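Alright, structures below, take your time with them.
Here come two complexes built around chain A, the first alongside chain B, the second alongside chain C.
Presenting the complex of A and B:
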């Protein structure tokens, strides 16, 4: 049995977990192709126009899978992955909210993944899911162990600073060849002697790591700066970044973005922070402003880039260039004169 | 040291206007042209050069900078030494003509921005997001609807006795609000002044949100020609607003300064400019586009041709065409539109 997993939303965080689980069940789990124009266009047609860009992309990926000869789609409802937090409401609405995008006759496999109910309940859910597919409880428990193992391995690779493509490529063969593809800009103005910057790109991984959706932002940024991501931040760093908040953030992603963003702002090795968001994101509407306040307090160059479904990249490039120019000049000035004069 | 007939050229190709500036040996503006782009940037650039050549037949252009949303296109046509985004270009121009400037308000045809500088360095900036409510095009459109030339918009607005309150959040709502007020019998001046205030409020709430606006404040871009907007800014900010002499062409001026800086850095061996010469005016350029079918992305690739020779291509995501590698690709690979 071949099961398809859309390369969208929580793919970018939890694919190793589910790949490990299905491996343990001796079932094949394959991800849809990398996002491309057709996937985006089909997603826009099938998803509700009220929703956010990542859910629209999800709808497109679901359709892309139907052409790949899969027997079923796996669309888990990820409710909570760590204590005291939830995933965003739009993810809790899956898979029902994207039923309109599922091709007729396609079988959907789903389950509620909710760590808040305790580990025993999680295992029970997985066992029931496995039984539905004709597997044994023992196989499900095996799968769970492998899932945890693969997820931890992926996360520790990211903490070591390995790229997304390299780390995920271990669990998703399709990524192995795609890593490191970049775009070149013929810009006569490129000042080779300019200081190489370090810029933290904070935001949901389904935006920062989807090179089609983000208009190749990472490669463009990579021409002039080392890029850091929130996934590279160890849990202690995130914890530290969250200190001083009046109330804890209870959405997993927002919490991670907020904590890592604040930690990068406080990190002297990071010259600037870019928050990548998209229209229609409820949690970002709050965190982008909370991170902005911290950046302002600490005089760190900070910019919010908002993605939409448009493909014109001129506006993005202008803002990005201006941000890098600004950050370069500030770094040069601070190294010429006394720091933080 | 520059000779009397040597100039730096700055070109700013925006959505609404195309501006050209000649900078002479004393770093003074020898000529500033403000042309309407009219959706045909290539023709407008050539038209601008034609005017420059007519006025300065002896001119030698020794450096070229381009900026604006069509900066890449302009750079390809002209052979630019510097290609810079609008924000940097505006900041450079402002701090050269008014050292010590701390805030730049810039409102152009389709976009508006705010730039904060401290000690001559940009420390913060913002551009408008998707809405064009707070930009010149909207004022243009409303002036057209009310049947007054855009040049009279500002002078009429400052005559107002009791500016009316107009919703500035969205240009569609602003328009219906204006029609309401006009049907109630408010005077034209009061409505125009109300519109200026609404636009300034909208600008400060969106673009200027959370920005540390300190004086001296420079107001530039085409909309700075409108004294009504200037007055509304002064009232809202409680500070004097300075409008530089060449407010409408500051982007082009900044590009010229950047070209000068870049070539001056390599003083001594004085690097030759990449400028293709004023004869560019007589050259025929063609632009065409095609959908690349190399992968599922179907990028729209634009190519600029001069006498069947490809000068540049862009629009592809993978770099196959823009890096020149695509030329080896077979023709059957592309669907020419």
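Presenting the complex of A and C:
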């Protein structure tokens, strides 16, 4: 049995986990194609107008699975992946909120993944899920171990500073091939010495790592700067960045973005921080404001880029160039230059 | 110490009653106005939700009245409201307001921490018995307010003089604000009941249309934020029914379900199950459940209210079309933000009510409308 997984939202964080789990069940889990114009357009047609870009892309990716010969669609409800935090409400509403996008006749496989209920409950949910597919409980437990193993391996690769394409390519063959090149943006003609800056690109991985959605921002940035991502930050660093808060952030992603963003701002080796957000993102509306305050206090060059389905490349390039120019000048000892325009 | 708090419809009346029973000095923010919203919009993050902007405006206006402490409830997510306290603290600090923000929640699950915060607000001179008594009285006041509001919903389409219901409502509210014991609450409710009875004796029209209002709690409870949707509907001859009342929220949020409030919320998740089997934060699942309940009770239509970008309600609005199809009931989603205009809302409401009227009079069925579109 071949199961499809939409290359959207939590793919960018937890695909290794689910790929491992399905591997343990001796089933094949394949991701939908890389985001392209058709996927976005189809997503716009089937998703609610008011929802955010990532959910619209998800609706497109679900439809894109129909041409891939998969027997079912796997879309888990990721409620929580660690104690004391949730994922975004829109992810809690999956898969019901995107039913309209599911191609007719396609079977939907789903389960509630909630670590807050304890590890035993998680394993039981996975066992029940496996039984529904005609597999045994033992296979499910095996799958869970492999899932954890793969997820840890992916995360440690990222902590080592390996690129997303390289780390994910191990679990998603599509990224290991030719597509991986564009993802890793390693252009052989690129002059390494030209990149004098180090810029941290903070934001949800489904924006920072989806090169279609972010209009190839990472490659453009990579021409003039070394790019750092929040996934490269070790948990201690994130913890450090969250020190100043009076109340802990209760969304996993926002917590990571907030902590890593603050840590990069405090890091002397990072020259500037770009917050990549998308229109309609609820958690970003809060964290973006708090990260901006920290950047302002510490006089670190900081810019917010907001994506939506109407984003134009020229506008993005102009803003990016202006930001990098400003940051470069500051690095060249014009430190009295305004950090936020 | 002078305590202030968000307005949120009639919630301020209840919070004021709580603090005044405990002899805590309060500064009630001036009634929310366009000016309040402008103040809040300037400071709040652009894409934050409307209630945050109104809250900030309320605090700034309360600061002019000498307030120095904010009391607000919290939450552990995943709705953004749970994080308001911390974000508001940072925003106000950077804007130069020296506010102490007290979030009334168990910090990291510690009840002792919550007790300390309540103690901080209530001061040394109040015993725990007195605090509990004050909380119970405030709760009863919220129930009385809800009873009055529900009666006003029924009265609006039935009283002949257009503003009679509004006059009655503001008078009753005044009585409830002043009431300091149970007797006063009962009397106020009784008086509204009597006046409505007398007033609607002359009503000879047909049974008004019934519309269920569901959605995000702040926009439902606070008429300013929704541009008086309920009042406007009443003026169009519609009887409004509502999914969430203030006391239900107090009962669930403050008393952790020990009290159920004027309209219990406990059935909603069960009703929502076929459409949305998991909570999504805020009142997203309640919105879906309430829509099912209204549809089953035979309401003529349903309106979902939400502030722009509200995460749980966006999820709810994505599943509402299925309820609309299954129960064959028109559902309209109305999104509000700081740019919403009264005329725009009014036009949409008029069109919606018009559709409901035609449906009821069978001059035009939903299928007819669809057929016209196909031709």
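Quick note on the criterion: the second predicted complex is superposed on the first by the 314 of 341 C-alpha atoms of A that agree within 3 Å, B and C clash if a C-alpha of one lies under 4 Å from a C-alpha of the other, contacts with A are read in each partner's own complex, and residues count from 1 in each chain.
Going forward, a residue touches a chain if its C-beta (ideal position, glycine included) is under 8 Å from a C-beta of that chain, and two chains touch if they have at least 3 such contacts.
What you see is a predicted model, and the numbers here were worked out from it, not measured in a lab.
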Touching partner for A:308 - first (chain B), second (chain C), both, neither: first
Which of chain B and chain C A:104 touches, first, second, both or neither: neither
Which superposed partner A:37 touches (first chain B, second chain C, both, neither): first
First, second, both or neither for A:268, with chain B first and chain C second: neither
Chain B versus chain C as contact partner of A:93, first or second or both or neither: second
Chain B versus chain C as contact partner of A:83, first or second or both or neither: neither
In the complex with chain B, residue positions of chain A that touch it: 33, 36-39, 181-189, 212, 216, 292, 296, 299, 301, 306, 308, 314-315, 317-319, 321-323, 325-326, 329-330, 333
Of all residues in chain B, those that touch chain A in their complex: 69, 75, 80-88, 119, 121-125, 127, 129-130, 210, 262, 274, 295-299, 312, 317-319, 322-323
Touching residues on chain A, where the partner in the complex is chain C: 47-48, 50-51, 77, 79, 84-90, 92-93, 96-100, 112, 245-251, 279-286, 288-290, 293
Interface residues, chain C side, partner chain A - complex: 45-49, 74, 76-80, 82-83, 85-87, 89-91, 94, 103, 107-108, 275-282, 284, 308-312, 314-319, 321-322, 335
